[in-house]
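Next come two complexes, and both contain chain A; in the first it sits with chain B, in the second with chain C.
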Partner chain A sequence: MATTPEYTAAEDPILSMDSVVSGYGNTTVLHDVSIAVEEGEIACLIGPNGSGKSTLMKSIYGFADIKSGTVTLDGEDITGRSPQENLKNGMSYVLQDASVFPNMTVHENMLMGGYVFKDDDRAADRAAQLYDEFPVLGDIKEQKAGTLSGGQRRLLELARALMVDPDIMMLDEPSIGLEPKFIDDVFERIRQLNDLGTTMLLVEQNAEKGLSVADRGFVLASGEIKFTGTGTELLNDEAVGRLYLGG
Partner chain B sequence: MSADEGALRRVLPPERVDDFLGACDDYGWLILVASTVLAGTLPLAGLEAGFYMTFVTDLFLFGILALSWDLVGGQTGYPSFGNMAFFGIGAYTTAILVKDFSVGFPVAFVVAGGLAVAFAAFIGVIVFRLRGHYFAIATLGVLLAAQQVSRNLEITGGASGKILLDTPSAEAFYYLFLGVLVAEIALVYYLSGTRFGFVLNAIRDDEQKATAMGFNTTYYKTAAWMLAALFTGLAGAAWSLDNTFVDPQTAYNGAWNVELIAMALLGGSGTVAGPVLGAFGLHSVIVVVDTYATGWQLVLLGTAVIVTVVAFPKGVVGTLREYAAEMAYYERGGMAAANDGGDDPDEDSSPAGGEAG
Partner chain C sequence: MALAQFIVNGLLVGALFAAVAVGFALIWGVVDIINLAHGEMVMLGGYTAYWALALTTGTARGGPLVVLATLPLVVGVLFAVGYLLQRVLVKRVMGTDVFLTLLVTFGASIAIQQLALRAWTANPRSIQVELADPSLVLGGVVVPKMKLVAFLGAFVLTGALWAFLQRSRTGRAIRAVSQNPEAAALVGIDVEHTRATTFGLSSAIAGAVGVFVATILNVQPQMGLIYTLKSFVIVVFGGVGSIPGALLGGLLLGSVEETVAGVISSQWTLAVSFSLLIVLLIVKPNGLFGQEASE
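What follows is the complex of A and B.
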């Protein structure tokens, strides 16, 4: 692992993976992966296709099988905990594929995001709060989610993930499938949410964009962490640039 | 836009339809109460036992059956070809209890509903492992198996069925079917705005995502299925005595099962009013054809299904909704607004002009 001198590893991480080996069934995808993210940071994971970026998130969230190693959230061992439990404990996850329910309205989609808690009123109150924060969504709340544009849909996914008022959010490829002007918009939102105190872990195919907003970056290849540093460091690193940024 | 569509827009502007649908949403409960009172006073206002009362009673019956089908088929996305099994179980339960065990009809009626629900819970565990076509075929199998069992048991009267005498009056059944229908509409209408209703819709849209969001989908699907079985079973329970005769062919009527699906699709699957209106409309057409062009009803039914699926895949209510929403869409600026929507969080939503409209 090549670390540049200015970079300091997270000392008191809110989220960390320690020597995790994981995969699906008999297939192992991640080999001895360790990462650590400090509270309030934006961390970005980049790497070529098939390097295990999505699997890393799924391992944290409880969708993949962890064979050895531990995942820690706020000092607590959460290895193998179910997605529902993680959601209740303040961690939300926006999947890579469009995950809105197309024949339900924006508002119904939002409520679904908050129903992990038993209290229906809590979901309705939280949705109202989020419409104040994102007036665009409030305006279209009675529209079917399937009729939204790509940018609106992504915004809905982000807002729905905020229904549980998460301390930490994991976003898998937030810019995928969007026109360039929406990509800037989505990253602006990510920064906005981060300013409000949410820790972010992103997986990003658009490595330059992802690293440029990141406090901390990880480069994953063949299921191993190859480089780690601040976003700017990785952006300027010659080896990373040559191998993963196409320059 | 063709000239025809332009003419339609002048005669029936989308905003008018939008206002109408909005009013239906706002005054849903009031409309339900008013319709119930109206239907309840018909016999007092001169509707006497006979052809017309039977006709209206059948409208209520099919309304119950179509709405029950839609709860699982339309709201949850599991198209069942076996709902009539619940109907048959309900029908035979009252027939046997009343005729062979001299049980009072009210008690038999409740037991019939309970048995249909129990049967649904048991079968649900098996059939809800399947999806799509496989689910449809499996439920058809359940219907045929139930029919075969009734045909071969002694207690059910075998293939010749049971003749039932000393049944309550036609008026009693008119009010009973009306009551069950109103109770079902009220329940489905209430549920459509709750967590339960949303989860059913989410299962229809993408069951895996619903699971990933922390919902036990098997629990919700089975609960919806049991609810559908309850109302279908109650309808069957009342039907056998009203009909004074029950046999395997009519109690487990596969053709009726297809009619229910056609009614729900015609009216607007996945809505509350749609399946009921579809049942009223299609059954009326069937009765007219039955009277004036006997023998052609199945041809007509087939044609209606084909026309609906091709021209109005969303049914009457769904198509109206879409037409009404068109206006709001253009008011927001059409595609132009849809594309700009994600740009600026503080963007004012005032109409962006009709440049795309």
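What follows is the complex of A and C.
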């Protein structure tokens, strides 16, 4: 692992993976992965397609099989915990693939985001708050989610993940398939949410874009962490640039 | 006048087939499994009521209210059977080859039949409902009272299921799982529990229908197959996963079959219903309500 000297590892991480080996059934995807993210940061994970970025997030959230190692949230061992428990602990997640319920309206989708509350009034209040923050969604709240454009759908997925008012969010390629003007919009939102105190772990295909907003970056290749550093360091690192930024 | 009688007869039995098919459609739509053991739930429901009466009162007979009082028990028992069927068996073949899933549910249906045969013999059994005046005559059409009760019961069951899916928290989870299982897990739904619950609810309704069948006809261990077959036809007819489609499909199939049986001969019923199905599939490949595939 090549770490530049100025970089300091997270000392008191809110989220960390310690020597995690994980995958799906008999397939191992991550080999001995360790990362740590400090509270209030934006951390960005980059790496080639198929390197295991999504699997890393799924391992944290309980969607992949962890063979060894531990995942820690806020000092607590959460290895193998269900998504339900993670949501209750203030962590939410936006998948890389489309994850709306197509035959439900935008509003019903939002309410599903608050499913773990077991309290419809509370979920409705929170949804109303989020429509104030995302007026575009408020305007289309009676529309079926299956009819939304790519940008609207991504916005709904993001807003739905905010229903639990998370302390920490994982976003897997939030800008995937979006037109450039929406991409800037999404990154602007990420910055705003982070300013309000939400810790962010991003996976970004557009590595330069991702690293430019990140306090901390990780480069994953073939299921192993190859480089860590601040976003700027990785952006300027010659090896990272040559191998992963196409420069 | 005779035609009116055939159609009424058809609607009366059609509603029962429809209520069974609704559960079959729900499992197909939500869990993506064609449950070939679905008809056995009708059989088990009928036997549960039969034995509940026989063991508590000494004879499998009673007034209509006594018979209806077995419904909560039957619903509870069959919910558990369906829930466990998914949780213990079907779960293991989820997402594999469709032939494997068919084989497993077919195997379950044979196993349940054989166990029933061992336990209760092949003798048909029925529940005798004591009614002073068993039939109504409305405008020249004879309506057996118990068939009318069964007809209304089938509607109540289907309506209750519909309302449950639309209104309750579990119903929302079921719809979410049917539309996108991964997203359902993402928002904190226990997908396996929800799938098993869907099996449980569908089996409970089939079991409740079994109680009505035991009162107006009889139950015997091999009765399930015809319910599974008809459910299949009705669901393909109405559109996979559609509850209104299954309801309408059941009523239509019932009236067509009774009319064919009455006017021509009962040997023609299957030929006519399958021909109708083929014609419909040519005209409307997704079934009557196919566009609402995941509701």
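Keep this in mind: the second predicted complex is superposed on the first by the 247 of 247 C-alpha atoms of A that agree within 3 Å, B and C clash if a C-alpha of one lies under 4 Å from a C-alpha of the other, contacts with A are read in each partner's own complex, and residues count from 1 in each chain.
Definition applied: a residue touches a chain if its C-beta (ideal position, glycine included) is under 8 Å from a C-beta of that chain, and two chains touch if they have at least 3 such contacts.
From a predicted model like this one, the values you see are computed outputs, not experimental measurements.
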| item | value |
| --- | --- |
| Combined model on chain A: chain C and chain B, fit or clash | clash |
| Partner chain in contact with A:T27 - chain B first, chain C second, else both or neither | neither |
| Partner chain in contact with A:Q84 - chain B first, chain C second, else both or neither | both |
| Partner chain(s) touched by A:S99 [first = chain B, second = chain C, both, neither] | both |
| Partner chain in contact with A:G151 - chain B first, chain C second, else both or neither | first |
| Contacts of A:T8 with chain B and chain C, given as first, second, both or neither | neither |
| In the superposition, chain B vs chain C on chain A residues touched | B |
| On chain A, positions contacted by chain B and by chain C | 63, 83-84, 87, 95, 99, 101-104, 108, 111-113, 115-116 |
| Chain B - residues contacting chain A, complex | 194-195, 198-199, 201-202, 204-206, 209-210, 212-215, 270, 325, 329, 338-339, 341-347, 349 |
| Partner chain A, residues of chain C touching it in the complex | 169, 172-173, 175-176, 179-180, 182-190, 292, 294-295 |
| Complex contacts: residues of chain A adjacent to chain B | 63, 83-84, 87, 95, 99, 101-104, 108, 111-113, 115-116, 120, 133-136, 139-140, 143, 147-152, 154-155, 181-182, 185, 189, 192 |
| Of all residues in chain A, those that touch chain C in their complex | 63, 82-84, 87-88, 93, 95, 97-104, 108, 111-113, 115-116, 118, 160 |
